[in-house]
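A, B, C, D, E and F label the chains in the order they appear, each numbered from 1.
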Amino acid sequence: MRFDGRDSHELRNVQIETNYLKHPEGSVLISVGDTKVICTASIEDRVPPFMRGEGKGWITAEYSMLPRATETRNIRESSKGKVSGRTMEIQRLIGRALRAVVDLEVIGERTVWIDCDVIQADGGTRTASITGAFVAMSMALHQLYIEKKLKAYPVRDFLAATSVGILEEVGVILDLNYVEDSSALVDMNVVMTGVGEFVELQGTGEESTFSATQLQEMLALANDGLKELMNIQKEVLGADITNQIEQKSGE
Amino acid sequence: MRFDGRDSHELRNVQIETNYLKHPEGSVLISVGDTKVICTASIEDRVPPFMRGEGKGWITAEYSMLPRATETRNIRESSKGKVSGRTMEIQRLIGRALRAVVDLEVIGERTVWIDCDVIQADGGTRTASITGAFVAMSMALHQLYIEKKLKAYPVRDFLAATSVGILEEVGVILDLNYVEDSSALVDMNVVMTGVGEFVELQGTGEESTFSATQLQEMLALANDGLKELMNIQKEVLGADITNQIEQKSGE
Amino acid sequence: MRFDGRDSHELRNVQIETNYLKHPEGSVLISVGDTKVICTASIEDRVPPFMRGEGKGWITAEYSMLPRATETRNIRESSKGKVSGRTMEIQRLIGRALRAVVDLEVIGERTVWIDCDVIQADGGTRTASITGAFVAMSMALHQLYIEKKLKAYPVRDFLAATSVGILEEVGVILDLNYVEDSSALVDMNVVMTGVGEFVELQGTGEESTFSATQLQEMLALANDGLKELMNIQKEVLGADITNQIEQKSGE
Amino acid sequence: MRFDGRDSHELRNVQIETNYLKHPEGSVLISVGDTKVICTASIEDRVPPFMRGEGKGWITAEYSMLPRATETRNIRESSKGKVSGRTMEIQRLIGRALRAVVDLEVIGERTVWIDCDVIQADGGTRTASITGAFVAMSMALHQLYIEKKLKAYPVRDFLAATSVGILEEVGVILDLNYVEDSSALVDMNVVMTGVGEFVELQGTGEESTFSATQLQEMLALANDGLKELMNIQKEVLGADITNQIEQKSGE
Amino acid sequence: MRFDGRDSHELRNVQIETNYLKHPEGSVLISVGDTKVICTASIEDRVPPFMRGEGKGWITAEYSMLPRATETRNIRESSKGKVSGRTMEIQRLIGRALRAVVDLEVIGERTVWIDCDVIQADGGTRTASITGAFVAMSMALHQLYIEKKLKAYPVRDFLAATSVGILEEVGVILDLNYVEDSSALVDMNVVMTGVGEFVELQGTGEESTFSATQLQEMLALANDGLKELMNIQKEVLGADITNQIEQKSGE
Amino acid sequence: MRFDGRDSHELRNVQIETNYLKHPEGSVLISVGDTKVICTASIEDRVPPFMRGEGKGWITAEYSMLPRATETRNIRESSKGKVSGRTMEIQRLIGRALRAVVDLEVIGERTVWIDCDVIQADGGTRTASITGAFVAMSMALHQLYIEKKLKAYPVRDFLAATSVGILEEVGVILDLNYVEDSSALVDMNVVMTGVGEFVELQGTGEESTFSATQLQEMLALANDGLKELMNIQKEVLGADITNQIEQKSGE
């Protein structure tokens, strides 16, 4: 049994509140246990300089935490005048993951800006960000499609992320909270599509290692958790968007 | 009549949700119309270097907006690598205002960090921040007092802020939203205590000016609005804290 | 009686030396007691990107202190790699104040850069900057007008600034020097036009507050001091420019 | 067959020149095909502030490229004034990987600074950096051990890294060069120990995905390549150091 | 004949106004033709970290220009967030030059901060800065000596600087103004002591070169100009300080 | 006799390995004793904004050291977020020196980027950089000329640099290594052309001075050393390039 009473293969309670803010084209508040992230999708009618004239779109993400999202207050990155390596790693991951399930040609020369702002952190903020951002982005792009600004709906498959890991006495577990994450021997983030393909796999032994067998166990656990997360996404996105995506993915 | 149907002397709908986040010592989500700000108060057991050894506490504030709090997306200040003049002006104002109603000697060598993060902006974000931060701070300090870490309750009076201004055809108005703020001839922020004294008065004619008579009209309007805001503060703070403060202020 | 022998309603000795530097289109050295500021006005034949194509001009200000303008040496903001909140607040104030008395349409797509560099500081550097910058700007714009580059003289009214405040045992005083400013309960900067309208009013109780009555007293004192300052401005600007402005303001 | 004539399971030509520079405690020039990296290990007799007093050591890495290591010249990060997200991600990876095979308690309160400077880039610079840095670090720590500054030799196992990926028409391949890396559907970096445990697994589909089966194929290929790399490491480290490490790892 | 009517071996009109500002321990306004620099010397009772405990003092210099010291306005280095290479080169030169004629052991663990702020520029700002800073520093150190805080007067010799150069049709000239500097084939700054020894010699052919013979001609011209500058320094420093220095230098 | 056994007029062992890297248009590894610098020349088909439309080329240089090029590890300038004054001074020197011997009109609107990266430092890194960069640049420009992209070969003369100095008991010496440089009373860098004209002369007495006689001695020593260095340059550049340059310089 885990510290918070969950079984090893159990996700935390997940809620996704859509249309959370009035200005962005898409926005959700996602809660995964006590981790809460505001994810917004903003559509800009141009692409970064290095992509101009290619007729393709771009998806890019930024990630931040409120200073008091955590147990002790963190100094703002704007006050420090620079963004940490951890933040850059996470925002690169989020952008890359979302781009893997979107047809950038269909978007045309537009940028989708994803902003993931963690207002409360309890482990798994990057995976919650991906899972929530997928919903915000899918809704923003659907609106564009509805307004006939896109010739097709560009989202090709579902996308969700979770963590798995190895705890010293507990073994392989799903969806680590902060306490578990801090003491885990191995921590692995898995980003997967609706048809069960990997988009990103990041397994790390911090001062530790893991065997091929443990890798398989972790992947199996992640697979189940991700299916559950995608069911929640389908519910909040509604039948219309869900059908569009499932048709494309051939799920 | 104003654009949103309000009378010239009418506040927008104001709501303050307390204990909004789990980690900070005090936290609220304040909504003033469509303006929504998360205000947190964090207690740190030391003061900045320039104050060490004086036996006094310090209160300092930081202010930020989510990139998509506004109609069009703003670049993050962390990405730009520096904080704008506007942000600095606002955070200095918030800190100064709160310090005016707290007995810093009673706090001892502690810092109260106030963080005001605007998640949705529709004008008046700095005054909403002050009004909300006062509640978060008062609760955080009350907790310290309850835990007997302070020999007295250090909050000496209530504190709230609102804006008044002059609109071309409408005249003097209370609590400007974004559309009004953008077109106002004069914009004035008033920060006041429970006993009706000014803490801060910032009146600005952007490419315009105002007379002594108009100043008096604006101050009268602000006074009424601020009383209303303080009644809401009293309600969410509860009888216990309210009594403590009223005893001190002699209200 | 005040520390330096002045009455409560007395300004310090004020001197404005025009054409102080050879390169700028307008330049003065203003001394208000021991506070000395070099104010220059530079005309650039374009506006910032956000204003292009509107056919209007722009006025913007920068403010700085020599490291040893003060009692103890300050680190240069260029060495720190960033501009402080205080500096930004002051330069925004100066620019905003000057824009309130200039017809930006008449200037056309030009920027007036105001630079206020404090070479010696003894309190009131921001108000001295505004008072001096008004003269430098008025002369630079007059030169443009004389050269027939402007179809009219764009300065609509006089503009000067001073401070008022409340000292513990002395009460309400005019034109605070550094010692007074450091110990004042309340500090208020007033920027006013020739016809006596407010352009900017910034009253601050640092760990203190002020009543409506005290506000009136301070405003009356400021009004008298500002009339005096504008008389000095008129003298150094000469009859020609003074008449031009007075005709416009209807003074 | 691949562009450069290699089989899909073939490494590029790998050379490791030890004691490449005279000042660092350990240094190598590693060449993996046309990718050339100078890796140095510097011993500092203290740890970063957050670790003081714990009696443990720390290993941290920095990574950089000469501006003209690449086909077209890159702007120096020192000129830009900030380190890119990519650089931060790589240096965090290198540090984390090395820490996984070193007993930090044995090192005591010392920091091992790893510097990986790419002088010529042709893909796989991060994996070459890890493979080379392991040798530089092992030699630097061995010297400390020889000088009896450490009570035991702290390196617990071998460590090497390589990449595997999927090329559109070729399928799964080992050790991608720049051309392959640019066009690969999937790119995976694998960091492994001498006993065959994973330290880090980073698989990424850039605008693409991969199946569980493909994952297994890639891991098998990586495993073989890493064995080969570790044989080269053993050769250049010599029998003495190799025996020390093998005893510890129980290989 | 030169553009401004001077002979090739003629200095511009030089004036040094001492005690120019009230706060610094030493301060001058030096004018060399239209070049005007405020030089201040500030004494701090400690040395930078890298020198602590050695019982020696330090002299360091900072240099800046007002934005409108020049024909067209320059962006402030504080706004750009970094100091230019030119500025750094100049401030390193000023500090190094002054250190060459001061006995740092006698100063004890103190830092002399030299600030050279150019308020008007017409060529030769770095040499005017050195010549003026020497006076400000000598007076500040004399005051320390008078107050018996130093056991001896630490200035060992006079120090002045000027420029020489080669103009296309004019040949070798002394003390270049801005127009001459811009078109010179060769520009050389010479810093010399009272006894005629070189402290610094920086000759540069910008897209040009110079022969050994031309070097000798330039050095002879510089020598004469520097003697003249030192006579002006002696006059403003007064007999007391001049005698102290001459005794030490054995002039 | 010197510490490393050299005579006072003796250069260290100098080697220049050409075509050291595969990507740059020109590249060398220059070794001057234990000082080793990678110098590359990159051709870019445009000039910086301030030179556009003039039909002339530009040559600019950047200089850096690997963190562990030195005895103790230096913090990277990219980590510090800014380039030091020393670095800026050196890169300005290298660029200026190279521009003096190249016909920029012949290059047309192209930029030659010179990168000097010190991989091992033992004094004289800036002079080794110039000597090596001249070779890399000459080869890169020769390639352009061979490809008929230039109408003439633009290098007008040879260029090399060395240091001379004064050591307390040894007197005047040539080509200072790190130990000598650290203790030298005077340090002078001399950059000279093939026909023996000066391009740059930078003599500095760090807390010391030098006489006109000592200057002549140092210049004589430098002259001999530079001839030797240019002979080595001629050898590695080969007869073809050497003849081209000698024809132009009239040597």
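Quick note on the criterion: a contact is a pair of C-beta atoms (placed from the backbone, for glycine too) under 8 Å apart; a residue touches a chain by one contact, two chains touch by 3 or more.
All figures in this text were calculated on a predicted structure; none of them were measured in a lab.
With steps allowed only between chains in touch, the distance from chain C over to chain D comes to 3. Shared contact partners of chain A and chain C, listed by label: B. Chain centres were defined as the mean of their Cα atoms; on that basis the chain farthest from chain A turns out to be E. One finds 52 Å separating the Cα centroids of chain D and chain E.
Separating the centre of chain A from that of chain B, both taken as means of CA atoms, is a distance of 34 Å.
Between chain E and chain F, the centres computed from C-alpha atoms are 29 Å apart.
In chain B, the positions touching at least two other chains are 81-83. Beginning the circuit at chain D and passing next to chain F, one meets the chains as D, F, E, C, B, A, using touch as defined.
Across the interface of their complex, chain F is touched by residues 82-86, 88-89, 91-92, 96, 99-100, 104, 188, 193, 196-212, 215, 219 of chain E.
The residues of chain C lying in touch with chain E in their complex are 21-24, 27, 34, 38, 40, 42, 44, 62, 64, 66-71, 73, 76-83, 87, 113, 115, 117, 119-120.
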